[in-house]
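A, B, C and D label the chains in the order they appear, each numbered from 1.
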Amino acid sequence: MIKAGIVGCSGYTAIETINLLLRHPQVEIVAATSRQADGSRLSEMHPQFTGRLDIEVENLSPEEIAERCDIAFCCLPHAASAPVVASILEQGKRVIDLSADYRLSTRELYEQWYGVTHPDAQRLGHTPYGLPELFADQIRAAKLVANPGCYPTSAILPLAPLFQQELIATDPVIVDSKSGVSGAGRTPKLGTLYSEVNESFSAYGVGTHRHQPEIVDILHRFTGKSANLIFTPHLVPMDRGILSTIYVRPQPGVTATHLQECLQEFYDRAPFVRVVNHLPATKHVTRTNFCDMTVRSHGDWIVLISVLDNLIKGASGAAVQCLNVMYDFDPTIALLDS
Amino acid sequence: MIKAGIVGCSGYTAIETINLLLRHPQVEIVAATSRQADGSRLSEMHPQFTGRLDIEVENLSPEEIAERCDIAFCCLPHAASAPVVASILEQGKRVIDLSADYRLSTRELYEQWYGVTHPDAQRLGHTPYGLPELFADQIRAAKLVANPGCYPTSAILPLAPLFQQELIATDPVIVDSKSGVSGAGRTPKLGTLYSEVNESFSAYGVGTHRHQPEIVDILHRFTGKSANLIFTPHLVPMDRGILSTIYVRPQPGVTATHLQECLQEFYDRAPFVRVVNHLPATKHVTRTNFCDMTVRSHGDWIVLISVLDNLIKGASGAAVQCLNVMYDFDPTIALLDS
Amino acid sequence: MIKAGIVGCSGYTAIETINLLLRHPQVEIVAATSRQADGSRLSEMHPQFTGRLDIEVENLSPEEIAERCDIAFCCLPHAASAPVVASILEQGKRVIDLSADYRLSTRELYEQWYGVTHPDAQRLGHTPYGLPELFADQIRAAKLVANPGCYPTSAILPLAPLFQQELIATDPVIVDSKSGVSGAGRTPKLGTLYSEVNESFSAYGVGTHRHQPEIVDILHRFTGKSANLIFTPHLVPMDRGILSTIYVRPQPGVTATHLQECLQEFYDRAPFVRVVNHLPATKHVTRTNFCDMTVRSHGDWIVLISVLDNLIKGASGAAVQCLNVMYDFDPTIALLDS
Amino acid sequence: MIKAGIVGCSGYTAIETINLLLRHPQVEIVAATSRQADGSRLSEMHPQFTGRLDIEVENLSPEEIAERCDIAFCCLPHAASAPVVASILEQGKRVIDLSADYRLSTRELYEQWYGVTHPDAQRLGHTPYGLPELFADQIRAAKLVANPGCYPTSAILPLAPLFQQELIATDPVIVDSKSGVSGAGRTPKLGTLYSEVNESFSAYGVGTHRHQPEIVDILHRFTGKSANLIFTPHLVPMDRGILSTIYVRPQPGVTATHLQECLQEFYDRAPFVRVVNHLPATKHVTRTNFCDMTVRSHGDWIVLISVLDNLIKGASGAAVQCLNVMYDFDPTIALLDS
């Protein structure tokens, strides 16, 4: 039985990780931490866990977490996460980091986009990106995995095989993404109040969102190609789900059918990527670890559409999928039917 | 042209009051205040007013407000409102107070339910309650009007005529109310985040909500009768709208038809109360100043159903309706078609 | 391995039943039927099942269903269900009927409320009501189980123990219930179009809803007591979830604490009923088989609040829970963590 | 007083047109027609009009409509609209047609995209497109105005001035649009049921939507330039609102600032187009006739964002705005504050 700790248990990715791990027959959750811990039980903080997980929320040091757990799921904000991760690793335990701290390849890129000095920059460039569909070998051997961003997963999964096979141009690639509100986190802010967001649709972070360099960086890591990628995120009045509409130019002679076949072959044995013929809706994948995608042609352009649940395949499901790879479990445990 | 000031312009009732007053041909908005004023224009704080109301948000003292305005709409939190209201009144100007500070009849009741010493208790018991359907004469002459609570309006309007005519028992009266989220205000709180509230329905303040004594107090003021009133508010995942389902016992021999006729007669000339035969939905009255109501029998009980828009008839529309009464305007100006 | 058939697979209860059975290690879904079957696969009708359940939708006769399956989950409309159920039973196979056809105790009651002659009235009064919390023994031995209505489950579970222990009056009992829109089914109707229902809250079926006699009948069956029960259902703009607010009078000397303790004892070993101290929200139980409930006092009245997911504990989850009882499986298989 | 008729009064654009016209001091609604007319009053079909518009819904012939009205607002489906429009025009009365029948410039284009023979093709190419911001002179003199599509308005308004000034390339122009559900109409369909659409986001009509040729055709009509325009519509779980994210390439040396200034100048005196610096949300323009737009740069691309209310500026508000132009009224009557 693997002993798991949830570091920073107040937010949505922590809640979902707990939800999934409760279904995992090989994992026991032995700790849930919060800096605001006040002696409450987890089921007081999150009433949905009443009778399901009866542990206390504690304010544990990284050392205490490492002592108690085999693996920690770090659900802390970026910049706050890296020092905790580094300490746990130093105690010889494994970490899946759901923050953005270890996703990018270089200190320069991180500091340019996050505006702070990286607290543990030596591990950048050596930490696998937690997409088992692309990086399973590195994940299997890893002590630390950088769990992917939600938008990047929706863009990288359809683009990576097409880049690799040189079927589409890398300039321009236009990624128009739409996300449910849970992606904005659980900290009270005016911008995510119900009456601000409901019955409204808006773009944000146009030209400035940190997931743009993440997509470009990981595509380059996997394919060696640099994209001129335009990325616009939008907020949808719904809890969960991401849909990305991606506009690309096919190479001469390449058709939508070629692209669809390329994706089907590439993901033939991937249990959580479904290359479908219909237009996928986010509701088809809600509360699942699936990423559904399809291809359409529109004049001399190609439109790729992908959907996933931002909290599952876009966060906590990916984390549990990585755990399964790291411990050589069946990759679908806790993530699929039965 | 009446000069109006909006005191505390950051929240939803302020926004709606401005929206309505912009349609009022006899009123000019000359001031919008906020303690967080930082030199921004109103249209920066609320982009929907771009090109519609080009004034600065200012941090004005009550004296400055009084100097500049004929009437102030006070949209401050309870307890914070009374001192400001008192100062403006002392300068001889009129006030419509959208807080709860002047609604209850006695200092004791206020202090019991609000847990603070009333800063201007002498005016309690002498301030008309801003329901023109019941208290038009007092409102007409008033310097200060206490704008009603949203839930109380939905309960008092159907109950007052039936109490007055002694057609129903006053014990028990069960008011089961459901409100959209905007009623909870615009201050960021975990409980009103989109991803907490959306796809969820819950009760709150069971047995402890301050609108229970408000309903009882105002029904007593109008009819002289004291109700044993059970009140349960609920939060509905929608922006706006209140529906109250009210369970009462008819007096012997009284039928649903008698009650429906009583209400129809009572509100025959009230432009904003519609006694209807169909089951009203909140959507029928969204963004209007109407309160729709109907009567149904269910065995030996009667079910009254009323709907209104909590921000209009339940707040800002009522305030503008009071202004029309106070200045002897047509009661429907800015509130109805044309 | 038990072979299960889904009879009438186009609606929400069928979808959820499939979803749950896919997690059940002892059950295999071998048939999905629809009168509109046109050779499509189930994953074309419901894209969420792509890659998860690869069977064809067929237009099978009851005999063909019985031949292929050990147990049928009938998800047909009332009146249409009974003849199919009767035929399958005649072939010696078991049925869980998710329609209303076998819930009521007498032909008279059925025909009064459903307005049609019952096609198989002899089984009324002998068919267990599928609430294992109350009727496990009868369910265990049954060939046919009448799966409960969603509203009735939310009312019967909190009321039955209190009636049985004679802790509350049976007259009046006021049940004010609120349900998400999926309860209205998947047949296109004006009243359940998104733009009609969204941002609206309404009551319906006041004094005429068929779940009122169902609640009264089942409470009588379990406790021998007849309630004067007033029931008002409402439509909430959300997919799923029911909350019932129930107003009752305690017997002299009985307090909210007594009632809470009575419920806690009664449901001490029920894995899916959680008697909680906090005010439960429907979101706490979304996509789970839990019914959460609590007790509050309000003057001389008691307010009971219960929540459940109308499609799970209110329909398909209850059905799978019954299956587990009927086959002596662990009652939580496919319904709880792990 | 102008006598107006609403032809086909059951849908959302008819409801909104009535709503707006009730505020218009120069217009009286004298007829509301429906082929399903059964003697009901309008307020029975649409309860929100109770006490506001007390007329009967009638099944009138085009001749009867023309006899009674000065102008007809035709809210019929495409193909059904043209014959009615033609008949009313023949009686010498004016028509604003909210269907798609008269928007395109040629019979060929119409028949290619709508798949039916145009019943009144001679008027194509001679009917002004109802965007007063671009075609006020033609609208002023017109007997018939083709009211614009909702998506096209959101794309044409930002693009037309930039095309005209040759500030951006016309190949490619990528229009990624998102609309609330009311745009899909009020006819019951599985795809617009609440429980299908809520908590879901999806693309539809990729590469095949009829608003793509409409945008291209009207841009060509106004600027003489042909765009290679890629258009993808999406469905947002909200009632109303459209946001279009438009990706274009600036001409060499042209910056986002140049584009923003061009738009500001062009729309300087347009009362309903607001060129703003912030990122507009659909909520800023809900229930108004405004189209808000802004410009952002993103690498070597430009992102234009526009928002409008699909039922107001995207349909009924545009129609009333055209009426104001046609009768030389102040262009903002019934559409703006006061």
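Here, contacts are C-beta pairs under 8 Å (C-beta built on N, C-alpha and C of every residue); 3 or more make two chains touch, one makes a residue touch a chain.
Just so it is clear, the structure is predicted and the values come from calculations on it, not from any experiment.
J.: When I count C-beta pairs in contact, which pair ends up with more: A-B or B-C?
T.: So, comparing the two chain pairs, more contacts are at B-C.
J.: Based on CA centres, what chain would you say lies at the far end from chain B?
T.: Using the mean of the C-alpha atoms as each chain's centre, the farthest one from chain B is A.
J.: Compute the distance, rounded to whole Å, between the mean C-alpha positions of chain B and chain C.
T.: One centre to the other, that is 39 Å.
J.: At what distance in angstrom does the C-alpha mean of chain C lie from that of chain A?
T.: 36
J.: Counting in whole Å, what is the centre-to-centre distance of chain A and chain B, each centre being its mean C-alpha position?
T.: Between these chains, centre-to-centre, one finds 45 Å.
J.: What are the residue numbers in chain A that touch two or more other chains?
T.: Each of 180, 196, 198-199, 237-240, 280-281, 283 in chain A touches at least two other chains.
J.: Where on chain D does chain B make contact in their complex?
T.: Per the stated touch rule, the residues are 22-25, 44, 47-48, 50-52, 199, 274, 276, 278, 280-281, 283-285, 287-288, 292, 336-338.
J.: Looking at the complex, which residues from chain A come into contact with chain D?
T.: Chain A residues touching chain D: 172, 174, 176, 178, 180, 196, 198-204, 206-207, 228, 230-232, 234, 236-241, 243, 245, 247, 279-283, 286, 296-301, 303, 305, 307.
J.: Report the residues of chain B in contact with chain A in the complex, numbered from low to high.
T.: Listed in rising order, the residues are 12, 180-182, 186, 188-190, 192-199, 237-240.
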